[in-house]
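Letters A, B, C and D mark the chains in the order given here, with residues in each chain numbered from 1 onward.
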Amino acid sequence: MNTVEEILDFAIDREQQAADFYSNLAERVSSAWMKDMLLGFSKEEMRHKGKLKSVKLGDKLLNADQHVQDLKIADYTVDVEPAEDISLQDALIVAMKREKAAYRLYSDMAANIDDPELKSLFLGLAQEEAKHKLYFEVQYDEQIMRDN
Amino acid sequence: MQNWPSQIGYFMLNLTIVGLYGMLLSGIVARTLAKVQGRIGIPLYQPFLDLAKNLGKRTAVSHGVMFYLGPVFRLAGGIGTLAFVPVLYGSEIFGNFSMAGDLLLAMYFMFFGQLGMALGAGESGHPFSAIGIARGLGQMTAYEVPFALAIIAIVVQYDTLSITEIVAAQQGGIGNWTVFTNPLAVIAAMIAFLGMTAYPPFDVVMAPNEIPIGPPTEYHSSYLAMMTMNQAVFAGAKLILFMALFFGGATNLVELVIKTWAIYMVAVVVGAAFPRFRVDQSIRFFLRYPTLIGIAAIAYTQAVLLP
Amino acid sequence: MFEPNPPIDLSSGKYLKLWQGPQHPGITGNMSLELITRGDEVVDCKTHVGYLHRGFEKLMERRTFIQNFPVVCRIAVPEPTFNEYLYAAVVEELTGIESPPRAEWIRTLNLELMRLASYLMWLGGIGAAFGQSTVYQWTVTHRDYILDLFEEMTGARIYHMYIVPGGVRGRLPEGFEDRCRDVLNRVEKLLHDVEKVLFNNVVFKTRTKGLGHIPKEMVDPYGITGPNQRAAGFSRDLRKDAPYLVYDQLEFDLITATESDTYARSWVRYLEMHEGIRMLRQCLDRMPQDGPFQAKMPNVLHWEVPAGETYIKAECTRGEYGYYMVTDGSEYLRRVHVRGPSYTHAIALMEKLAVGTNIADIAGLMVSLHTYPPEIER
Amino acid sequence: MSLKDLISPFYVWQRAFEKPYTQKRPIEDRPGAPRYRGFHMNSEECIGCGTCESICQNHAIDMVPVEGLEQRAGDSGLRPRFDYGRCCWCALCVDICTTRSLHLSNHYAWVTEDPDAFHFTAGTDAMPWNQNSLGYRRDDDYHLLVHDRVEMQALSAEESVAGFDEVMRGYTEEEAVLEADRCVECGICVATCPAHMAIPDYIRTVRKGDYEAGLRLLYETNPFSSTCGRICTHRCETVCVMGYQGDPIAIRWLKRAIVDRVPQEKYREILGDEVEENGKTVGVIGAGPGGMSAAYYLRRQGYAVTVYEAQARAGGMLRYGVPSYRLPDNQLDKDLEYIRSLGVEMRFNTQVGRDIPFTQLLDEHDALFLAVGLNQPSALRIAGEEHPRVLSGLRVLDDVASGKDPGVGKRVAVIGGGNVAMDAARVSRRLGAEVDVLYRRRIEDMPADPEEIRESQAEGCTLVPQAIPVEIRNASDSNQVTIVWGEAEMVADDKGGRPRPVLQEDRMHEETYDCIIAAIGQGGQIDFIPAEFRDRIEFKWNKFVPGDYQQTGLEKLFVGGDIANSRADAISAIEDGHHAARGIHRFLSGALDG
């Protein structure tokens, strides 16, 4: 992965994988409303993918400097197995943690690279993932920890 | 009367000047009274605006011919008075129709206007008019007594019925003015003057409280305007007459303005200070002290001045 | 004095029937006098009211107790405050609410200022009725100075709507006392001028002395109160005889006269104005500067006053002013009756006094009784 | 005639030399006094309560809708329109204004050729005096309304913490009348109350002492009046206009004042509830407030109603989630018994999906109302959660309600800031424990009722705000548990949500307790609905999204209560039940065919 194009392809691929992950899970779950929700997550990932595609086509730019709030909810929740009887709470935890992992991945890549252009690209991707994570964290905060 | 067309032209000029002056004077007096009352008062040109407004209005009532003629008589009285009073002594232009017996004519016209007014107002049928006329004629008759006595006194004193000659006799220094030569007559006349100008305490005829408006109750629009014009002309004529008879007349317009204004202020000064007499009280008043003073003036003239 | 005036044969042609009013500058408000005259002499007088009837007493039955509070001041236009006070007092009496001491002082100040303003207007009125309009302009201007005070104290010049059941509507504005003292000084100075110009005036004396004499024995049967009564030699004043508000803590003298004519009535009022200024100065000096000015009130929106009835009276500028109220425990009053002195003074008394006077004296006579037609027709 | 009397009047001329009293242009040069009662101004604080309209003795004020102003909770969307042909500028409207938004300016001259202009809406119409800073305002010490609430007799903190006796003792008749008297009857509360109860009307019946009429009004919209009179979340009181300058009316306590004075035996006679069977049956799943409310209104319409309840007793969260010091059992029973007395059939210990299949219910009944509530406590999902000394708040409350000892020990940490957390904390206090309440946000952010927060503090619970639990560890004593929590900083949410806590990892604390009670929120469970129906039902997150009249895409199924609304309180559930009952009636009588 040495060119911008390759990196973006990699990222687009990751988003696709995530979308597939959620739609597969949605097939399997038994809980009444989880299916709808997981398909919603999947759509969300496809939206991210679409955004990266337009970055690749040069229609959009990634902003590496923005500050995205980190609620740090994902950091202290336990790991959850995506099982058939997954609850809403657990699904959100899974989502948060996936986005967090993606964020870490891009951040690490940025740290290990010297090319300023690529570095900035990785940082931009990391911020994107941070934003996605924030979305799930906010939902967790609102839907699960209503009383906390 | 040699050159009567120009005489008439000069008279028209006099009439205009005196009329305008009379209007202005009413504005000045209004402002003066306002000052006493703690107000700023109307602008000086306000009487002209009022006149213009009244002239511009139409009428919709009919009270008969005499009613319409009332203001005409009234105005005729004012103009008539002015016609025989020389405005400026020794001036051809401002001499008017001065002649041998003009004093009598002037006095006649002063009375005539009131009577005409009385006829017209009486025709309106309004009780306030009728009461006002009764009061007005009663009071007029009363103040005419001291006024007539004062006139008799000075006629005796100057031995003439011509105003111009009376003025001529007073020329040559302030000491020659009637007011100094025959003060009793002037006092009687000035008290009568208070009655004529209808300022308090002798304003019961048109008192706004004791019966609203009085004789002119029913008059409006151009009738009212005609009466306002008469008031101006009449006031001017009266003042000039008093000035001529008692205060040495005037030889120029400035002197005229100062003197007439001062004479008028006598009524204003008294007017601001007093409430008004009821009509029976004012009649009683005029027939008491002023009449006595008038009689005394004649006696004084006969006894002191003539020998 | 109780017999009706003798009948008059109008068709004889000796008499003229003359209507004075209902719009007439000699009457403070709308009422009319039906005069029958012979020459300038009035031989018969009938009083007519009804030109100003707004039905306040009935209106008030259809309004809640708080909603009546803006209504009552309109019963006597030149003196709204007495109505406000009395209405507040009857409601307070029936509900058992007690207005705090500070409010009582402010109310007294208010009432005496109102009395002074009303007298000033009256003083101008008596001058103007007899043709002395200069005094009228002066006094009305000084009344306006008092209205300025009312404006800053209450928010309005005429309909103050300030004395509300339970207390007053607000504290006195900053620096009010000084401005009030200043106005009192100016009014006092003016009064001395008026004394010189009006009361020491030959024409005024000629007009007013002997005019409208009220015999002493007529006073009680005709329900004559206030200065009219005191000018007839009675030493009666509710402020002394049945003190309300803080009048028992104020020093003032009762003014009386014996002549009982228009001049005496004017002179009594003139001296009462001085007493009023004296009282106002005491109020300003001794009024409490803090503390509540309103009692604890229930929610006025649905204020139910317990069933009961009461009559409360106060000495207004014209005499005894009273409110009689009956309540039935609901949110509306059952009946209210307003006793205004103008009713007795302007109707029956005027019919008697007018006979034998001159037409020109009617306006002055009417003013000398100090009546306000609006309060006749509640 | 003395000479003095002749000379003295000329003294008038002395005044001619003084400054005139009058001014040349008085109107421009003379503003009204600072307190002048001039033209009306209305500021943005106005909420359109219409109290000005009620007090106006001239009927000069009309409340009218204003373009661009939406009706919302606590704002009627109306604004006062003034008719200056009627106004007398008494300013009673200003005195009575509950928000103090209405003022009079000291502007008093207004000339226009347009007669309609004298009919204007203050505050929204552009008027020349709108910028005036002077004019009449109500004095701070002058009131036409009563701003202080009549305090209710309550057990002292020491007494209340000693047992499970009801804390609030109820109003006496006099107190109730005094409190009811404060109401201005604006009706802002009616719009905000989820059940749209006729609040001003029943408050008036309290004032008049006519409790039977009051009860009739209550039952028009709410068959849980005794319950709601005690534990309602009273959204009405949060929007009450009296709250702007003082205490809101104690609407909840006044409702209780009515029900407390009417014995249950007389309900039937007072309410006149006669059931005329109509031959149709409706099944209700869940005997909580939503289900029982639906059962009541359906039964009144003549439906044969069967209620399926998994627990042994009716009441749902009201019974198992609300401790008896807030809602004594007999009061809840009073409401429930009356509903049952109309002939509602109860099937207890019947969990749908386990004891009876959902499809069977669907077949047996003409319509179904589902209100199973949120009974699944959310897990903490932090490390060490499975420690045996970590309890759920709902369980603790459930145990206490069923008479079991939850065994909380002597030192308890409660995690959460909602009503369940507060109740768990207060119950633990009553069981003799020292209680710390850890909450992630600030105290003012707590979703619990302010009363509950206040009372729990009074009873000795320690509130630890901005504390985020991160880990649970074994303590040295196996009967104890250690919690690690970090301090939080609040950051504003740029999307307009509530401020969010952010963990400060450098400020960690560690504390050991006998047990930890987690009460961070609840979720629902609807797996009993077979998968083939689910496609026709709309969900969002973990909730139903019902259509009109609480109907779902599965036409016979109506839903309500916590599982179908975002408000999660009893009164919303009651309204859902009532609303669904109306919907079911329309549906079954053919008016609504899906």
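Here is the rule we go by: a residue touches a chain if its C-beta (ideal position, glycine included) is under 8 Å from a C-beta of that chain, and two chains touch if they have at least 3 such contacts.
Keep in mind that what you see is a predicted model, and the values were worked out from it rather than measured.
Q: Is the number of contacting C-beta pairs greater for B-C or for B-D?
A: Contact tally favours B-C.
Q: Where the centres are mean C-alpha positions, what is the separation of chain B from chain C, in Å?
A: Centres of chain B and chain C (C-alpha means) sit 43 Å apart.
Q: Determine the centre-to-centre distance between chain B and chain D, using the mean Cα coordinates as centres, and give it in whole Å.
A: Here the centre of chain D sits 88 Å away from the centre of chain B.
Q: I'd like to verify one number: the distance from the centre of chain A to the centre of chain D, where each centre is the average of its C-alpha atoms, in whole angstrom.
A: 39
Q: Rounded to the nearest whole Å, what is the centre-to-centre distance of chain C and chain D, using the mean of the C-alpha atoms as each centre?
A: 54
Q: Quick check: what residues of chain B touch more than one other chain, meaning two or more?
A: As it turns out, chain B has residues touching two or more other chains at 36-39, 272-274.
Q: Give me the residues of chain A that touch two or more other chains.
A: Not one residue of chain A touches more than one other chain, so the list is empty.
Q: Note the residues in chain D that touch 2 or more other chains, in rising order.
A: Chain D, residues with two or more chain partners: 9, 11-12, 15, 21-22.
Q: Just say which it is for the chain contacts: an open line, a closed ring, a star, complete, or other.
A: other
Q: Provide the residue numbers of chain A that touch chain D in the complex, in ascending order.
A: 30-33, 35-37, 69-72, 75-78, 80, 87-90, 93, 138-139, 141-148
Q: Can you list the chain C residues touching chain D in their complex?
A: Checking each residue of chain C against chain D gives 63-64, 66-71, 134-135, 138, 141, 144, 148, 151-156, 159, 161, 167, 169-171, 173, 193, 196-198, 200-203, 205, 292-294, 297-302.
Q: Please name which positions on chain D make contact with chain A in the complex.
A: Within the complex, chain D touches chain A at residues 376, 378-379, 381-383, 385, 415-421, 439-440, 447-448, 468, 470-471, 491, 493, 495, 497, 500-503, 505, 519-521, 523, 526-527, 529, 531, 534, 537, 539, 541-543, 568.
Q: What does chain B use to touch chain D in their complex?
A: Result: residues 32, 34-40, 269, 272-274 of chain B touch chain D.
Q: Note which residues of chain D are touching chain C in the complex, please.
A: Checking each residue of chain D against chain C gives 1-2, 4-6, 8-9, 11-12, 14-15, 21-22, 32-37, 51, 54-55, 57, 88-92, 95-96, 104, 136, 139, 141-146, 181-185, 204, 207.
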